[in-house]
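Below you'll find the structure, written out as structure tokens, and then a few comments.
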Amino acid sequence: MKAPSLTEKNRPEDEVSFVQSAAMLIRSMPLLVRLCACWTVVVLLVAISADFISPYSYSQLDLLARLNPPVFWGGSSDHWLGTDELGRDVMSRLFHSVRISLLVAFISTLLSATVGVLMGFAAAHFRGWVEQLVLTLVDFQASMPFMIIALAVLAFFGNTLVLFIALMGFYGWERSARIARGLTIAANEQGYAAAVYDLGASPWRVYLLHILPNIASTLIVSITLTFPEVILLESGLSFLGLGVQPPMTSLGNMVGYGREYLQTAPWILLAPSMFIVVTTFSVSMLGDWLRDRLDPTLN
Amino acid sequence: MTTLLQVQTLSKHFQVRVPEGWRQRKATLRAVDGISFDLQAGQTLGLVGESGCGKTTTARLVLGLTAATQGQVLFNGQPVESQRDATWRAQRQNMQMVYQNPLGALDRRLNVISQVLEPLLIHGLGDALSRTEQAQDLMDSMGLPKPLWYRYPHELSGGQRQRVVLSRALILKPSLLVCDEPVSALDVSIQAQVINLLQDVQERLGVASLFISHDLKVVRQVSDQVAVMYLGHIVEQAPPNQLFSEPLHPYSQALVSSVPSLWQGQNQKRQILQGDPPSPLSLQSGCVFQNRCPHAQSICRQVKPSLTRLNPERHVACHLFAENPRLSGAPMEVRS
Amino acid sequence: MMRFLLIRFFRGLLTLFLVLSFAFLILRSTGDPAMLIMSADAPPEALEAFRKGWGLDAPLWQQYVGYFKNLANGHFGYSMRDKSPAMDLVLARIPATLTLALPAFALKLLIGISAGVYAALHRNTWIDRLLISISIAGYTMPSFVLGLVLVLVFAVGLGWLPSGGDATWQHAILPVITLSLGGAAVLARFTRSAMLEVMGQPYIRTASAKGLVWHRVVLHHAMPNAAIPTLTVIGFMIGSLIAGAVVVESVFSWPGVGRLLVTSVANRDLAVVQSLLLLVATTMVTANLVVDILYGWIDPRVRTGQAGQGKTV
Amino acid sequence: MTELATPQSQSTAPQILVSLRGLTVSFGSGPTQVQVLHGLDLDVHVGESLGMVGESGCGKSVTWLAALGLLGAQAQVRGEFRLAGDRFDGLSDKALSLIRGRRIAMIFQDPASALNPVHRIGQQLVEAVSLHKGLRGQAARAQAVRLLDQVHIPNAGQRFDAYPHELSGGMNQRIMIAMALAGEPDLLIADEPTTALDATIQAQILDLLSEVRRDQGMAMVLISHDLSVIAQECSRVMVMYAGRAAEVAATDNLFRTAGHPYTQGLLSCVPDVASPQKRLSAIPGQVPEAGRLPQGCSFEPRCAHSIVQCKARVPMLWPVAPDHQVACFLTAP
């Protein structure tokens, strides 16, 4: 028999397979949440396979077919969702926009969670002036509207995609930092972490093997709440022309440029708008549902 | 019998800020203030007192989890420091803690056998196979049968969780257990199970224990000696039967009489102390118990009584017993 | 309490200082404003003259010290575009922004708090679930999308209201609605969870047990306690009035502070951006201070410094 | 000698103040519904002090929260409740609020969190006084100060303006008691009033409770997990286990001839200060979770005397002596 190690979590008696537990999870979702989960999966698939399912290149001009309406608006089936002012296929642009927007949001959210957790751990571990410093930064970040900071930084740093993502990566770090700090302090003060620490374990062991797995569920919830907010922020900035720059495209970007054709060709703006709203709504609903299920304060 | 643990004039003071009108004032909180006691190998010393009297701080000091302001702790003749160095780590193998809230003290994301064998892993003892075997044997003997080994803490009952905590503390075969309110969070019918188990284990393994509780009945049940704490001081130390049948210190008398007895019912005479314990921030000179003591005299307001030995087994810190025990006779008549 | 407020006050000043330093460093270290204003192919002598004129040739730290000296004396610099005092430009735009922001703020409070309290008191009913969903939809709806959709429907489609500009009071209707929706949604969710938290507390049971009728329990015992965490959100809303205006004013071509910010950022008009940042940070700090005073007024534990954590939500 | 609470309890048929019949309480709905009380019958006599004892989750507190409609909308409560002969089950919140505090008052376990942190204690007392006595202004204040005196709060006038967090736990519990006395109720429910307090403070509060009960001639239900507290304070005891009554008896009878194996177990598993030190005889196993009760007697899996019937049916309360009922097949005829 293989000795069970610390990381081995299976129980020999009633082992539940991953598929089974996933099925159980889905069955416990209300209808609306289930729909939201479906939409999230669809959007992810679109983002991954944007190159294959796009009928045209997103930057391919067709000056003969400018401002063509979508097929259900009386347009031709050459361009399902119509074309924009330069005759580019709206559907292809939409798919690529989804990809860019999700990519930005995904990497930024991960960045912010990592930064936040490290800061939170540092504050909880060292206490004293390190903690005060982290708390001051957290307060500062939380009290300044991020939109304003982002505006100032962006316009003056210029606009590469990498830089933009790095900037978005500062969004919401203070929330992860607060969670990590709070839960770690609680664990250190009376809980399981103190017990392991008192056994003589090294801080590495305590943080990686005990604290991180314990706060993971709360962190995941916070990440699902940050993710749609980053999408909103990104699209807002791109809408103002200060986010993702042409020729690259993003959802907010499409809305921003489509705005000038609000009266003549509203479809350019409506399709990406719909994607933003439904996607952020879906992810938020999922996050909200997850919080109700996983929030340790409710157990 | 060898002396396992010696605590010598141990103190722990905290610097705190207290609000005072519009501003805050710095003050010293004397959580533990110059306590001394010895613990023999294999014996149990009960530490009893009300909340805020410094019991838990004492436990942390004894284990070297927090630095003492004054005094020292000797374990097997070797000083226990709070520096987390190699000596400190080595001492962990001989002294372990049992916590009040077992659910809080266990990692809810890890199955319980992994947590029981974790001390072996931390101290690099044995190989994977022998560690598992040791943990299994121990858990078996602690009333945790095989079906429970791979469960998670929240899947166990309160009593079972405390058995897990106890197993984790015992797997390194320590010679001292510090139990901080180990049964307070449990239901009465489960308390008895855990108390019995603890007593069996101590007897079988020869472990000494420092047993901290606010519950006099439990302390009496498990201890060979009982020390009564009040505001950071030990006011009386005695074998449990003597303490409960004939408490000497006025505080011990009140404490003992405040414990309702099952069998005396409404006939029991209670001695009611007036007021609340004063804040440990604003202690006057003299005896800590002076403003609630029915026998306080002028000397009690000036001189702090020290813990004096009356006979080999009894110590008391009270001016009434300083020169001549039975001085003015007052406190003895309360209980008949 | 005094000590608590003093600490808060100095923290506020520190925040202001941080914001301004941040603004200064970012703005000065990321490019040469002379090149941008004059365009890169301007003659070198002209660039040099421009730098001298604006004090851009001095070492960075001198510019920094000089900047704070000027601030202390009430000089906020001149706009690099039209040479007028930067602060005057900013102040001239404030009335327009407040015209939108104040009614929107009132709407947020009204809708947000009443919906939140109502949902909490009818927990787990269909109307509670509906309100939660609407609220999630409300704050995941970007204001530019909402604004454009409103324009599309009420201006382009129905022709009832104007689509942009600030000529009449009708021009303000769509922007105010757009501006208030997101905030109301956030506030509703917050109020709801604060109320639920409070309604589960033992003192609510005590109040019922002593014979108070339900609405008195809610009004007298639950609401004051639920107000404590809700205040934080309201404070943040006051502080972010300008930030909220950025997008909405752009959508509706409203000549307020928000649009000024976007155009000055695009033009790299340093003095104007700095003045704006100062304005934003000052409102933020003031709002926080007001919230702190209100905390102390509502919660006696804050006054004696026993619940300093009450603010971290 | 047993202290007899009031003259009524000396007469042969004590007058019933509150009676609960067939009280069932469940939480949640559908497949996740959990029943925590299974048809409890309970009488409280005028002026008596009744103890309710049991381990956590046995339903002793829920009983009274349910009867007074304090469980909220999540709970389904059924049963027939009478107060001095009048039905009060199924009343509206408004009608119940005339009973709460005025006829039946309640105090709780953790006094620090049972008082509203943002109101002064005087304010909270005056609220109760004006509600029940219709007093306003200075008259209400004077009455509130009188109540504070009655529960022996030193410097009542000064404490009046204090906030709960500025006072000690014992002091706050005194204020809770004063608040409960404001309506001069016929019955005081004390739900673990001393559990959160230290031993010497517990003695103070228990003393105060017996004093005010004697002065007011009101009945009291003392809910506690500690049999010895009940032994000291109450003339009659109900022992509860897993949502049912296991035994109801006069205190003396219970301690002399405990009938239910669970009661016997409880009596022998608590260490006692007055008897010689001996090994505790623990009850094996653990309390079953609500919603996962065995089919028959809930105590059967832990019982040393279990017989065939115990697995099949739930035993009813059955009189075994005057003032003594036991729900166990061993003592049933």
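Per-chain numbering from 1; labels A, B, C and D assigned in written order.
Note that in this section a residue touches a chain if its C-beta (ideal position, glycine included) is under 8 Å from a C-beta of that chain, and two chains touch if they have at least 3 such contacts.
Everything numeric here is computed off the predicted structure, so don't read it as measured data.
*Asks:* How many links in the shortest chain of touching chains run from subunit A to subunit C?
*Replies:* Counted as steps through touching chains, the separation is 1.
*Asks:* Count the touching C-beta pairs: is A-B or B-D ahead?
*Replies:* If we tally the C-beta pairs in contact for A-B and B-D, the bigger total goes to B-D.
*Asks:* Could you state the distance in Å from the CA-based centre of subunit A to that of subunit B?
*Replies:* 50
*Asks:* At what distance in angstrom does the C-alpha mean of subunit D lie from that of subunit A?
*Replies:* 52
*Asks:* Go ahead and note the Å separation of the Cα centroids belonging to subunit B and subunit D.
*Replies:* 32
*Asks:* Can you list every residue of subunit B that touches 2 or more other chains, as numbers and ranges?
*Replies:* Subunit B, residues with two or more chain partners: not present.
*Asks:* Do you know which subunit C residues sit against two or more other chains?
*Replies:* Within subunit C, residues 304, 306 contact more than one other chain.
*Asks:* Please give the residue numbers of subunit A that touch subunit C in the complex, ascending.
*Replies:* Interface residues on the subunit A side: 32, 136, 139-140, 142-145, 147-149, 151-158, 178, 182, 228, 232, 235-236, 239-242, 252, 255-256, 259, 262-263, 266, 269, 273, 276-277, 280-281, 284-285, 288.
*Asks:* Under the stated contact criterion, what part of subunit A meets subunit B in this complex?
*Replies:* Interface residues on subunit A, with respect to subunit B: 3-6, 8-13, 190-192, 194-196, 198-202, 205, 210, 213-214, 299.
*Asks:* For the complex, give me every residue of subunit C touching subunit D.
*Replies:* 123-124, 201-203, 205-214, 220-221, 224-225, 228, 298-301, 304, 306
*Asks:* Okay, in this complex, where on subunit C does subunit A touch?
*Replies:* 11, 14-15, 18-19, 22-23, 26-27, 30-31, 132-133, 136-137, 139-145, 148-149, 151-152, 156, 236, 239-240, 242-244, 246-247, 250-251, 261-262, 265-266, 268, 273, 277, 280-281, 284-285, 288, 312
*Asks:* Which residues of subunit D touch subunit B once you look at their complex with the stated criterion?
*Replies:* My answer: residues 1-3, 55-56, 154, 168, 170-171, 198-204, 206-207, 225-229, 231-233, 251-252, 255, 265-267, 269-277, 279-284, 286-287.
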